Each structure stands twice: as C-alpha cells, then as structure tokens.
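Down below are the structures I want you to see.
Shared chain: subunit A. Partners: subunit B in the first complex, subunit C in the second.
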Partner chain A sequence: MLEQLAHFYAVYGSVINFIGINALMALSLNVTLAAGMLSLSNAAFAGLGGYAAGILTLHFKMPYVVSLCGGALVAGIVGLLLGLPVLRLRGVFLAMATLAFGEVVRIAAVNLDITGGAEGLTGIPNVTKTWMIYLALAGAAYFMANLRRSRMGWALVSMREDETAAACLGIHITYYKVAAFTVGAMMAGLAGGMYAHLNYLITPRDFGFFVAVDLLIYNIVGGTRVWYGPILGAVLITALPEILRGAGVTAGPIRMGVNGLILLMVILFLPNGLASVFAWVRPAAVKAKTT
Partner chain B sequence: MNDLLVRNISRSFGGLQALLEVSFDVARGTVHGLIGPNGAGKTTLINILSGVLSPTSGEVIYRDQALHRIPAHRVAGMGVARTFQNIRLFPAMTCLENVLAGHHLTALRPLLPRLLRLPSAGREDRKLMGESCEILARVGLEAKSSHLAKNLSYGERRRLEIARALSFSPKLLLLDEPVAGMRRAEAAEVANLVRSLAGEGMTILLIEHNMSFVMNLCSQITVLNFGRVITTGSPEEVRGHREVIEAYLGSGDHDA
Partner chain C sequence: MNLLAQQLVNGLFIGSVYGLFAVGYTLVFGVLDILNLAHAAVFTLGGLVALWLVQTAGMSIWLAFPLATLFAGLLGLLLNQVAFAPLRKRADSQFSGLISSIAMAIIFEAVAMGVFGARSVRFPQGTVSVHIWHIAGVTITSLQVGIVLVAALLMVILTLFIQRTRIGKAIRAVAESERAAMLLGVNVNGIIASTFFISSALGGAAGILYGLYFDALAPDMGRSIELKGLAVIILGGMGSIPGAILGGLAFGLSEVLTVAITGTSNLRDAVAFTMLFAILLIRPSGLLGRGKMREA
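This part shows the complex of A and B:
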C-alpha cells in the first residue's frame, strides 16, 4: 500500500505540486473577485514574487523562508502602488488595465539583466517540498474562510453586491479595494516564490497572459463565492490533462479547447461554479434529517 | 432645535438645473416630508445629503458640521443613513446578512481573533446576530431572516432596506419613497415604525408620493418643483398653498 503511494507520488508528484501552486494563485485572485473586482494581474504578481524570491536566493544568498517572504512583500508593495491609481476603474476597464500591467511585467522580465532576460532566472535551488506548498495553501484557505466573517470580509462582499449602498453604510470603498488588491498580490507573490524554488528556473512566459486567464477560469469553474471554490477549480483543471491521458486521450494540443468546454458547461449549468454542488447537497441532507 | 440646515443648494447636470438655491431646516426628532412632482429634484437632494453627489454650490450643515463635499462613507460615519428609491439591497445575501453587513460602523469584527479562534469573535457575532434579529423584527421581517434578499416581495425589500439603514443606529434617516408599491396595511406599519423612530429622537427626512402617508406623518413638509422650493410648512399650510395645488396636487382631489 505504502509502496503504491510512493510510486504514485514518484509519477504524479510534479502534478500534485503544480495543483497546489495553481490553487494558491487561484485563491489569491479570489480575494479581489469576491469584492467584485475583475483584476487580472495576479499572474504578474506571482511572477514578480517568483523573480524577487529567486533573486534574493541567488544574488543575496538569502535563506528560503526569507526569500519567500521577500517575494510576497515585493508583490504586495507593487500591488499597493498599482492599486491606488488603477482601482478607480471598474469592470472591463479594470481587467484591461491589469492585463496591460501583466504585459509590462513580462516585457520588463525579458529585457532586464537581473531577471536573466528571455531565458529567465536559472539555477534556483529546488527546495520547495510538496508539504510546504500544501501548508501554504491550507494557511491561505484558512485565512480566506475566516476573512469572510471579519470586518474586511463583510465590507468586500457588500462592495461586490452594491458599491453605492456599501458606501452609504460607511464602508470606505477605495481603502478596502486597495487592501484586497494588496492581500491578493502578496498571496500570489508567495505562490510565485514557491514555484521558482520548485522549478529550478523562472522565465517571463511562466506568468504571462494565459496564466492570468487560467486563474480566472479556476475561479469561475470552481465558484467565486466560497473559499474552496477556486481550489476545486484549480484541482480539476490542472489535473484534467493527466486524467485524460489516463483515459487514453492525449490532451496536450486540445487542452485549451477542453478547458473552454468545461467553462461553457459550468457557466450554463452551474452559474455559481462547482462549489454550488456542495451547497445543494447540504440543505437536502438537513431536510432529510428533519422529515 | 434644528438638526439639518440646507442652505442655497444648487446642482446642475450639464445644461439641466436639477436644484436651484434650495434652503430649508429640519428639526431634531421630527419627520420632515419632501414632496414634488416627478423630476422636481427630490432624489438629487437626498443624494447630496448622503454624500453620493456633491452640490454645484451651497451648503449642508448637520449638527454644526459641513456635510456637503464629504464622501458618502464619512457622511454615514456622522450618523446619516439612507434608503434608495430604486432599492439597492445586497441581493445575494439573506435578510439577516444584509443587516449584519450594515453594522460596519458599529461592529469591530477584527480578523486576528477570528484566525486565532478567540472566544471574543464568537461573542461579538452572537451579540450582532441578536441585534440584527431585533431590527428585522422591528420591520416585520423576523420570519424571513434566512431568505435571500432577491427573493423578497417588493414591499419586503423596502422594509429590509430600512432595517439595514437602522443597523448602525443612525441619528438622521433619509427615506426615498419608503412605501412606494406597498399595500395600505403594509404602509401603515411603516408609518408606525417611522413615528416610533422619531419618538426615540431620530430625525427623519422622507420623500413620498403617497399623500395620506405624508400628510399624516410629517410635521413639516417642503415642496419642490422644477428644482426650487415652493414652500415649507405644516401639512395644513402646504395643503392650502395655491402654488402647491397648481403645481402638484392638481385641482380638488388631493388625497391621491
């Protein structure tokens, strides 16, 4: 039994690791999505965090934990500075501005010397272990689950529901928007730092446009309204190519098509994402008990 | 004693003069009515008083503090709550959650004790839950506390909006058409609620088209037409005012 588990991990270990990293990044996007902001810069924040952590390790010989914290902090500071001007925008305009920021980060990474140019930052020691990723994910999930019932959580959900009404209840809209943006950026930066120390290298393409869109897909497929929604989405979409391969379908070239199909089905039949399946099961169980 | 002083408030939207030199006083602990035909500028005025809009010129003084040009969240912080003509609830929240969300200014709900599972977080939650249930009971929605706001009837939504506005214990309440679309019995319950709130010292300024509601409830009424104040006075004075009858009530039947 133990041997089989070890074998399974030897084969699928890297998928398991990437599921955790993707789930952490999806959760970081959920901080802003839950407040009704369609921001697509979290992939770029993960990239920033990854590069910053990698540079701290390689050039400044910092220990792993310090590098990770440094990466998250850099992403958070950039998030704060970007959030102040950009969060005046709403809806698709915010999405466009944040996507543009992602391109700025990518192009900067290609052209700077300290980031290693187009080849990326190489030779980062591989020190991230699976348990570290899942410990960080559990911490982030615990944080998100408790955030909902806190002062900030109530403010964010109120803003998503109706910004004007929220302001008239005394909620400082700009403050909470920037706070959510910064918290999300830090979480993404942490995920990026773990990724950099898992993959030996980090390149400008690792956190480009497609990753930004993937993070959104994880949230929509899983559901944005509960903390476990983005995790469900990230697990399903990341594991899907492997599952398909097991079923004898090589999903490589049609991966985006399959993702698109799943997205379409979820939007049509589960508008609140996979998480809403759990929300249906629970009231039914309660009803069964009382009758 | 006057709570709210509106002084020469003007507001234009491009070429449209929505309000022109509007002035009136609202006395503390009274119910003050704001009436006028559609497009008279009533909602624009409520938007200015709640900080959602800023006036082009003029001043609003509330308890010796200037209220105009202060953002909405700080106006709320001064104890001013409002409802909206085109109901703005939190639709995907339950009734209870709407009122809980409304507690932003009075509740602490810090994150850290929650993360550390300290008992203080649960204590505060239970206290807020109790208060919120009482507020819901006040507007007659205690039986609907676990219903989603978007599934309520029109009249229930209006009452939930009042409940949410009451959640942070405001001192001045601005109601924009609180009984629009309500049945007579339901409107009478809201009238009783407004009367009891004023009895507790709350100042209430309300817009309403239901004339029997306004005439029975308000001690003072300001009449607006085309952005200007025609008159401010008691219901009897307003009822007998020639310009008001011409502009608003029509001839003869004024219990519309």
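This part shows the complex of A and C:
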C-alpha cells in the first residue's frame, strides 16, 4: 500500500504540487470575488511575489521563509497601492483595469534586467516541498472558512449583494474593499513565491493574461460562494489533462476540446459550480446555513 | 521624416484591422453588457475558413471573403445559442457569460487546431495581386489600401445599418433597455441573435484581413488580438461604435510610434496598456463612451 502511494507520488508529484499552488491562487481570487469585485490582477500579484521571492533568494541570499514572506509583502504593498485608485471601478471596468495592470507587470518583467528579461529568473533553488504547499493551502482555507463568519466576511457579502445598502448600514466600503484586495494580493504573492522555488525558474509568461483567466475559471467551476469551491475547481481543472490522458484521450485538439466542453457543461448546468453538487448531497445543512 | 510617415501609414493599416475587430466586440457589449471572449476565436476561424476556401476549394478571394464572413456570422449565432442565451436569466450572467464564452473560445480553437493543424499557414501566392506604390518616399501596397477600404466600407455599412434601418433601431433600443424594448414589441431574442451575427461576421472579416496583411494564420492567432481588442474598446468607450474605430486607429498608431521612437518592439504593448490603465482611472467611460457605463 505504502509502496503504491510512493509510486503514485513519484508519477504525479508535480501535478499534486501544482494543484496545491493553483488552489492557493484560486483562493486568493476568491477573497475579492466574495465581495463581488471582478479583479483579474491576482496572477500578476503571484508573479510579483514570485519574482520578489526569487530575487531575495538569488541576489540577497535570504533564507526560504524570509523570501516567501518578502514576496507576499511586496505583492501586498503593490495590492494596497493599486487598490486605492482602482477600486472605484466596478464590474467589467474593474476587470479591464486589473487586466491592464497585469499586462504592465508582465511587460515590465520582460524588459527589466533584475527579472532576467523574457527568459525569466533562472536557478532558483527548488526547496518548496509538497507539505509546505498544502500547509499554506490549509491555512488559507481555514482563513477563508472563518472569514465568512467574521465581521469582515459579512461586510464583503453585503457589499456583493448591494453596495449602496451596505454603505447605508455603516459599512466602510473603501476600507473593506482595499483590505480584501490586499489580503488577496498577499495570498497570491505567497503562492507565487512557492511556485518560483518549486519550478527552478519563473518567466513573465507564467503569470500572464491566460493564467489570470484560469484563476477565474477555477473559481466559477468550483463555486464562488463557499470556501472549498475554488479549491475544487483548481483540483479538477489542473488534474483534468492527467485524467484525460489516463482515459486514453491523447494530447492536442481533442483534449483541448474536451476541456472546453467540460467547462461549458459546468457553467451551463451547475450555476453555483461543483460545490453545489455537495449541496444536493446534504441539502439540510445548506438550508440551515442560508436561512 | 519619411520613416515617420511610413510608420504612421503602417499604423493606419493595422489600426483599421484592430478597429474592425473591436467594433464587433463593442457591439455585443453595448447591447448585452457582456464581454464575448470568444470573439477572438471567431476572428481566427474566419481567417482560416477563408484560407481553406481559397486553397482547397480553389475560390477567388473575392468570393471566399464574403462566404467566410457569412460563416463567422453563423458562428456568432451558434455562440449566442449555446453560450449566452441559456445564461441570460441568471443573476450573475456577467460572470458566467464570461466563462461560457471562454469555454466556447477553447472549443473553437480546438476545432481550428483539429481541422487546420497547429502550424502557421498562409494564403497562397497571388491570392491578391499586389501593386507597390511609392508616394513621397512612403511605400504603400495595393493590399494595404484594399484592407483599409474594405474595413472602412464595412464600418460605414454598419453605422448606416445601426442608424437608419429598423433592425438597427431595435438594436439600439435593446441596448438602451431590454425591458422597455420588449414592452414596445421588439423581438428581443431575435435582435440579440442578429447582434451576435453582425458582431461575429465583422470579427471574421477582421481575421481574414489580418491574415492577408501579416501573411500568416494560426489557430492561436486570436490570442494576441484579444487583449488589444479589449484595450481598443475601453479607449473608445465601451459600447461606442465610432469610439471603437477611433480607438483601433489610435492603438495601431501608438504601437508603431512606440516602436519607431524606442527603436525596439519590447515596449510596444507597454505604452498601450499604461495608457489604457490611465484612461480607466481618469475617464472610465472612454473617449466617446456614454457616461453611465462606469456603473455597469
């Protein structure tokens, strides 16, 4: 049994690692989605965190933990500075502004020397272990699960439902928006730092437009309303290519098409994501929560 | 000086293709307040189908162009039927529509890859006979002139259609208020479907022109224009057709000028996206947008 587990890990270890990191990034996006903000800059925050952590390790010879914290901190500070002007925008406009910010970050990474240009930052020691990723994920999940029941969590939910009404109830909209934005940025920055120390290198492509869209897909497929939704989405979508390979679907157009079809089916038939499947299984518990 | 003039002319050509692409984007957004992220995939398929018609079916480009444009329009109908219509009643249709259009984009790209292969392909030599003119030191090809003329013609037809015809009027009514339009007896679902048809047909036409201009077509070519199209419609104001045209030209010009001034292509997109970011902060409704759009 143990032997089989070890074999499974040897084969799928890297997929398991990336599932954890993607889930962490998906959760970071969920902080802002919970408040009804469609922000797409979390991939860029992860990139910032990854680059900052990588630079701290390579150029300043910092220990791993310090680099990770530094990466999260840099992402958080940038998130704070970006959040203040950007959060006046709503809906698609916020999405566009944050996407544009992500592109600016990517282009900066391509053009700066300290980030290693288009080839990226190479030779980052591979020190992230699977248990570290899942420890961070567990911490983030614990935070998100509790956030829902906290004062801030209720403030975010009420802002999502009706911002004007929330403001009338005395909720400090700007404060909570910027707070959510910053917390999400730090979480993404942490994930980015772990990614950089797992993958040996980090390139501008790793956190571009399509990664930003992927994070949104994880959230919608999994379900945005419960803390485990984004994790479910990240697990399924990240593992899907492997599952399809196991099912004999070869790489290329067919696998890509099946990927798209599954995404389409989920969005059409599971409006609240995969998490709603669990809600069917135990409707009583969910009813108790919503009433 | 000549170099600058040449760059300005080049920017005009590529800008008119961006404008044509963005007009379709902004049309759907204006009517439904939803971003159709599969627009770039329709753009790609339009170009590839035109290529197939020319190369395999042996048609002249003059016949292939309208046929492929029509095909792209039909893809728009399919898109509406599969990805948007079922979600319209949902409260979060802005989010879910975004995702379902991404799903359709992935499926379209997979189909393009399966049918046409993953490699970059090009129109056969002599598809369009090319004359080269030198005017005051600026080189212009008949292909470039043709692209601008076709793009301009399509945009004029679209503007007249939206302004003058009954369907155009209904489209504007639905954009203003779906509910009020329905009460006035407008067939809202039909109007939305025709909006998708027009939008996608224009996107497909832009794809054909793009493929002719750059002499290369690939299943993933839509990806590079996807973000640019978004930048263009924000620059011009979401939902504004003249805004999208102007925004496309401005974007094309800013691209070539950045390259001309900095001497490298690395910063090409940086200027555009920094500008976009600044516009969103200072004037979120864009250059020609309607004031209320910020709340959307």
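Assume the second predicted complex is superposed on the first by the 274 of 291 C-alpha atoms of A that agree within 3 Å, B and C clash if a C-alpha of one lies under 4 Å from a C-alpha of the other, contacts with A are read in each partner's own complex, and residues count from 1 in each chain.
Please note the rule applied: a contact is a pair of C-beta atoms (placed from the backbone, for glycine too) under 8 Å apart; a residue touches a chain by one contact, two chains touch by 3 or more.
For clarity, every value in this text was computed on a predicted model and none was experimentally measured.
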Side-by-side fit of subunit B and subunit C on subunit A, or clash: fit
Winner by number of subunit A residues touched, once subunit B and subunit C are compared: C
Which superposed partner A:Leu261 touches (first subunit B, second subunit C, both, neither): second
Touched partner set for A:Gly246, first subunit B, second subunit C, both or neither: neither
Partner chain(s) touched by A:Cys168 [first = subunit B, second = subunit C, both, neither]: first
Closest approach of subunit C to subunit B (Cα atoms, Å): 11
Residues on subunit A engaged by subunit C in the complex (per definition of touch): 38, 85-86, 89-93, 95-97, 99-101, 103-104, 107-108, 110-111, 209-210, 213, 216-217, 220-221, 252-254, 256-257, 259-261, 263-264, 267-268, 271
Parts of subunit B lying in touch with subunit A, wherever the complex brings them together: 50-52, 71-77, 81-82, 84, 88-93, 100-105, 107-111, 114-115, 121, 125, 164, 167-168
Subunit A residues touching subunit B - in the complex, by the definition given at the top: 142-143, 146-147, 149-155, 157-158, 161-162, 164-173, 225
Subunit C to subunit A touching residues, read off their complex: 29, 33, 35, 37, 82-83, 86-87, 90, 92, 94-96, 98-100, 102-107, 109-111, 113-114, 118, 223, 226-227, 230-231, 234, 238, 266-267, 269-270, 273-274, 276-277, 280-281, 284, 293-296
